[in-house]
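Chain lettering (A, B, C and D) follows the sequence in which the chains are written, and residue indices restart at 1 in each chain.
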Amino acid sequence: MNKVKIGIVGGTGYTGVELLRLLVQHPHAEITAITSRGEAGQKVSAMFPSLRGHVDLPFTDPAKANLKECDVVFFATPNGIAMQQTQELLDAGVRVIDLAADFRIKDIATWEKWYGMSHASPKLVAEAVYGLPEINRARIKTARLVANPGCYPTAVQLGFLPLLKAGLVDTSHLIADAKSGVSGAGRKMETSIMFAEAGDNFKAYGVPGHRHLPEISQGLASMSASPINLTFVPHLTPMIRGIHATLYATLKTSADLQALFEQTYADEPFVDVLAAGAHPETRSVRGSNHCRIAVHRPQDGDTVVVLSVIDNLVKGAAGQAVQNMNLMLGYPETTGLESVPLMP
Amino acid sequence: MNKVKIGIVGGTGYTGVELLRLLVQHPHAEITAITSRGEAGQKVSAMFPSLRGHVDLPFTDPAKANLKECDVVFFATPNGIAMQQTQELLDAGVRVIDLAADFRIKDIATWEKWYGMSHASPKLVAEAVYGLPEINRARIKTARLVANPGCYPTAVQLGFLPLLKAGLVDTSHLIADAKSGVSGAGRKMETSIMFAEAGDNFKAYGVPGHRHLPEISQGLASMSASPINLTFVPHLTPMIRGIHATLYATLKTSADLQALFEQTYADEPFVDVLAAGAHPETRSVRGSNHCRIAVHRPQDGDTVVVLSVIDNLVKGAAGQAVQNMNLMLGYPETTGLESVPLMP
Amino acid sequence: MNKVKIGIVGGTGYTGVELLRLLVQHPHAEITAITSRGEAGQKVSAMFPSLRGHVDLPFTDPAKANLKECDVVFFATPNGIAMQQTQELLDAGVRVIDLAADFRIKDIATWEKWYGMSHASPKLVAEAVYGLPEINRARIKTARLVANPGCYPTAVQLGFLPLLKAGLVDTSHLIADAKSGVSGAGRKMETSIMFAEAGDNFKAYGVPGHRHLPEISQGLASMSASPINLTFVPHLTPMIRGIHATLYATLKTSADLQALFEQTYADEPFVDVLAAGAHPETRSVRGSNHCRIAVHRPQDGDTVVVLSVIDNLVKGAAGQAVQNMNLMLGYPETTGLESVPLMP
Amino acid sequence: MNKVKIGIVGGTGYTGVELLRLLVQHPHAEITAITSRGEAGQKVSAMFPSLRGHVDLPFTDPAKANLKECDVVFFATPNGIAMQQTQELLDAGVRVIDLAADFRIKDIATWEKWYGMSHASPKLVAEAVYGLPEINRARIKTARLVANPGCYPTAVQLGFLPLLKAGLVDTSHLIADAKSGVSGAGRKMETSIMFAEAGDNFKAYGVPGHRHLPEISQGLASMSASPINLTFVPHLTPMIRGIHATLYATLKTSADLQALFEQTYADEPFVDVLAAGAHPETRSVRGSNHCRIAVHRPQDGDTVVVLSVIDNLVKGAAGQAVQNMNLMLGYPETTGLESVPLMP
């Protein structure tokens, strides 16, 4: 079988190198170009020695990358890049998966308010399919353009999904208290994510407003018959990978929550509902595309607590992107995504 | 001025060694005995080299420690020890501060249920003053026996206090999502707190029920005119010291929350209300007795979010115990507690 | 092709769970038994949720494990167990790979001195092949019993090997300054490897003498025409996985060290010599079976400095054991060991 | 007694904020100016909330800081700043302590080679006293200008000092294998010191040549009758504070090394020689100005191993600067430096 030609735009960040890690282990993928304006000419494995022996390509200047000859192009770029280049690629028959936020939010005004720029291709926003397979599997299979979800939105939506679809909770006071490892901030230089600042330290950030709030709200609204009001508080925790979302809602009616969660995700290859009473650890999904979930009702009260963990770079970014690629190309959904989490 | 003679029962855990760190810097304190059954005879500074040059005492066998000759005795022991030895010390005129949970919960049946043992001196529970100075300052000053609060309870109660006293929130759905550094679990050997288990990892624990829940609920109830229903979810975070409590409640009425918090704590030496919009970091109180608090109302909605940080070993244990000692003995409340947090 | 039946004795430690991680990804391996006296009956994946969906077996009581029906048995046990059970397995035609130290040291008296017990089967020590493929590949292929090297010994021997074989250095003053992640101490409970003790801290240990000293010395002696005198100083560093060995020797003669190292390891699948001037990072081999090495001659002086990194649980334990199994069974040496290191 | 007026040039880095932490606890110090070009006008405690309640000053523009009215000025600036401003301050009668490298190396050509710039005031280099009190106490007392030592040089020189003064070791092959916490790299933005890069990772750096090499060599040479040849290999270790230097030398003659070290440092307030057989931990000096040292002779061979730990920001920078200030101003040497290390 011919391999699929793959291009990666913006290969120097964490989602880029994670895409490389996963794609070199994918039996049907052939990486033909990895672009970086700043690092053009340098070998990818010189910047990321973990890839020595696995990736022999240099970074290519985006202008010379011939991305139109790829079958699939992943954008692992900052926000605002993919929206400028996607139309041309789609016109050339390339399928596009954007790991940034350019196509995630359907309401253009909302996007422009939170991302602080004008949107360059609103028409594509309408076409783009939000790439959360547990919600949109059928539509992803036929999509030309997939908007890969954010990391927090993945963990939070998968945790709330069974409750909202079943209409069990008061949707006017949903709370998502989320904790992320530092790689979630990207491989950019900011004082607050230096080792001596973020190490041995814990803090909330973005409480007045975080860009993932409208994305999560849009997703939750699509699952719910009643309007959504969400309080979302992200925190920075001194670990490298991992998101732990702790979700709170008030139950409107009694139900067997454990059964509900198990049934909802019974056929999902990457959502793992733990036994009643369990507490998922982020390390249990380190390097893997799984989301592990537990549901609790403390003191048998009317507050439900959902614990949802993912690896922010895998199910929260590159792994989910490969899962979407598998769906778009008709491969088994788990292809190239079956490695065992690294523990300890 | 004569120094105060101080005994510490159980000096080999983290609260014990932290008491030593603070008391050797206290101008009026003279440590006369540190007991440990297992380490009797060994020099304290051999176990804790950080104390070399500061503490020259050996650990003493509890049976030989002459604790009745002390002015103050701190119990830095596991739960269930202080309740057996306190009466005798009080009878000898010694003041007692228990850093464990023996005297924190007024309802004996509740205590016995959560701690899994019979209480040895219920009468002293009635006498003991709960040592949260921001609530009980006057009563602590005249107390013979102080029940030093737990670490989570300190961070959570100080965060909710202004809202509850003002009667601003719906008390039937309070949420405390709390994150603790690993030293909060004590200097005991458990698989889950080994470096290779707790490092680079994040998890909730005790969601079905944690011993600090009844303590916090009792405290919140005392501040509130209406009944309290609290959901408390503790998490283990890969840092050594620090607690970050993220608190959620639904506002029943509008108010200037920033002013409320600032006024409530205007005269408190150890509660620091940050400017509007701020996010306190745990490291900003590392090694210090301060609690730093910020209050938010995201999206101007009806959910209030309070962020409250302490050092679990200082304001959450040994520092608050010294603060209580200062109050009991008539010293200025901040004596010996003025060192600057260690950052980075 | 029939799969190889594999038994693991002692599956609850880090080398055991790491063997499981690697073997479930090995195309020819079928794990038929994992023993644990203490955890018999419990599902392996209940203790290690990272293995959910990959390992469905429970731990088996060693007495009931039918290990004689396996093709290969790995001992991932404390020292002193394999020496009691190996003869019986060999007699039944089973191949044995011991990840502990029972068969590593040829001189029985030396072993007994350092390990503090009598050796139960000295005859098997004579038969056992020391499982460092870069030295003993041919003998491993025909071995019934392989003594898998220790983690420090692997990193140190691979670093010194080119220099000693070429006879370039003064062997009377070799220095190995080695740093290990905390998982190297095993999944056992010791105060010094708790998070709040080993975190944000660095120390040497075992300077007067460490059990890996005689193992390394024996290995270096076998590569060298002249007698070996080694100073070995291990250190505990606050990370989970990884060993970094910094090796020092005095050059007796000038040579192109870079070329020497590259030529020595040109055909080795798991030893990667970096470009001149490079500094290998432990994370560049996280989860992988590679050893990455750089050689330096600072200031063009007569001191050579070799930097050698491995993942202590993979090339330093379970990965090397699988490499040895591949050699013993005639599989390509890299089978099941080709996953990409996890970075960041 | 009047307080000493103190100015700090460059208060936004780690040595600057550490100077502030120590000086606000110094009974005779009054901080009158903290300069920062970039942050002028901002409150110091807004950038460093750990200083809330302790430092009420804003950062001042250097041009407006009136540093000439200070009694002492500390430079906590990048290299190359102090050499331009010191003469003017000295002329105004101010004493100057430079925490950067401008005045550390006596040979101007060597300095210019390693620091890559022309020296602006060679004459002051000749006048400056190298501020290692254990070597230069008498000269520091009368100095106008002190060159505060680097962090690695402090740990390495104090470790080698007893051996070199006694002439016990072969000085042609000294080895210093040093490990530093990440704060040693400063509060600057570099990819390699971000949390997700430096965390859970260990590496050597600068093996071909590090700027501290000539500084250490100069210092060791001043202690030794014979010429010095040093191999210095620094490593980055995933902790915030702390340096651990492991030093190796070949003994030329036998001696009671434990007694030698104890006698050498018997009267030093900040050098603590541990008992024979001990291993100092970096956390045992966290936040303190102590250097703790142990000396070993493994296997009774002719290689001596010295273990030397400091807090890089205290004895390796700000604390030693305050110690020097105390000497220059005639205060007891330990004034303001007596706080207990923070452990855990």
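The working rule: a contact is a pair of C-beta atoms (placed from the backbone, for glycine too) under 8 Å apart; a residue touches a chain by one contact, two chains touch by 3 or more.
All values reported here derive from a predicted model rather than from experimental measurement.
K.L.:
I need the common contact partners of subunit B and subunit C, sorted by label.
P.N.:
Looking at subunit C and subunit B together, the chains touching each of them are A, D.
K.L.:
Going by average Cα coordinates, which chain is farthest removed from subunit C?
P.N.:
B
K.L.:
Per the definition at the top, count C-beta pairs in contact and tell me whether C-D or A-C has more.
P.N.:
C-D
K.L.:
Hey, how far is the Cα centre of subunit A from the one of subunit C, in Å?
P.N.:
Subunit A and subunit C have C-alpha centres separated by 36 Å.
K.L.:
Measuring centre to centre with CA averages, how many angstrom lie between subunit C and subunit D?
P.N.:
Measuring from centre to centre gives 39 Å for this pair.
K.L.:
If I count partner chains per residue in subunit D, which residues reach a count of at least 2?
P.N.:
In subunit D, 14, 181, 183, 187, 196-197, 199-200, 238-241, 280-281, 283, 286, 344 touch at least two other chains.
K.L.:
Going by the contact rule at the top, pick out the subunit D residues touching subunit A in the complex.
P.N.:
14, 181-183, 187, 189-191, 193-200, 238-240
K.L.:
Inside the complex, what are the residues of subunit B that reach subunit A?
P.N.:
By the definition above, subunit B touches subunit A via 173, 175, 177, 179, 181, 196-197, 199-205, 207-209, 213, 229, 231-233, 235, 237-242, 244, 246, 248, 250, 277, 279-283, 286, 296, 298-299, 301, 303, 305, 307, 309, 344.
K.L.:
Give every residue of subunit D touching subunit B within the complex, in rising order.
P.N.:
Touch list, subunit D to subunit B: 14, 17, 21, 24-25, 48-54, 183, 187, 199-200, 240-241, 272, 274, 280-281, 283-288, 290, 292, 339-344.
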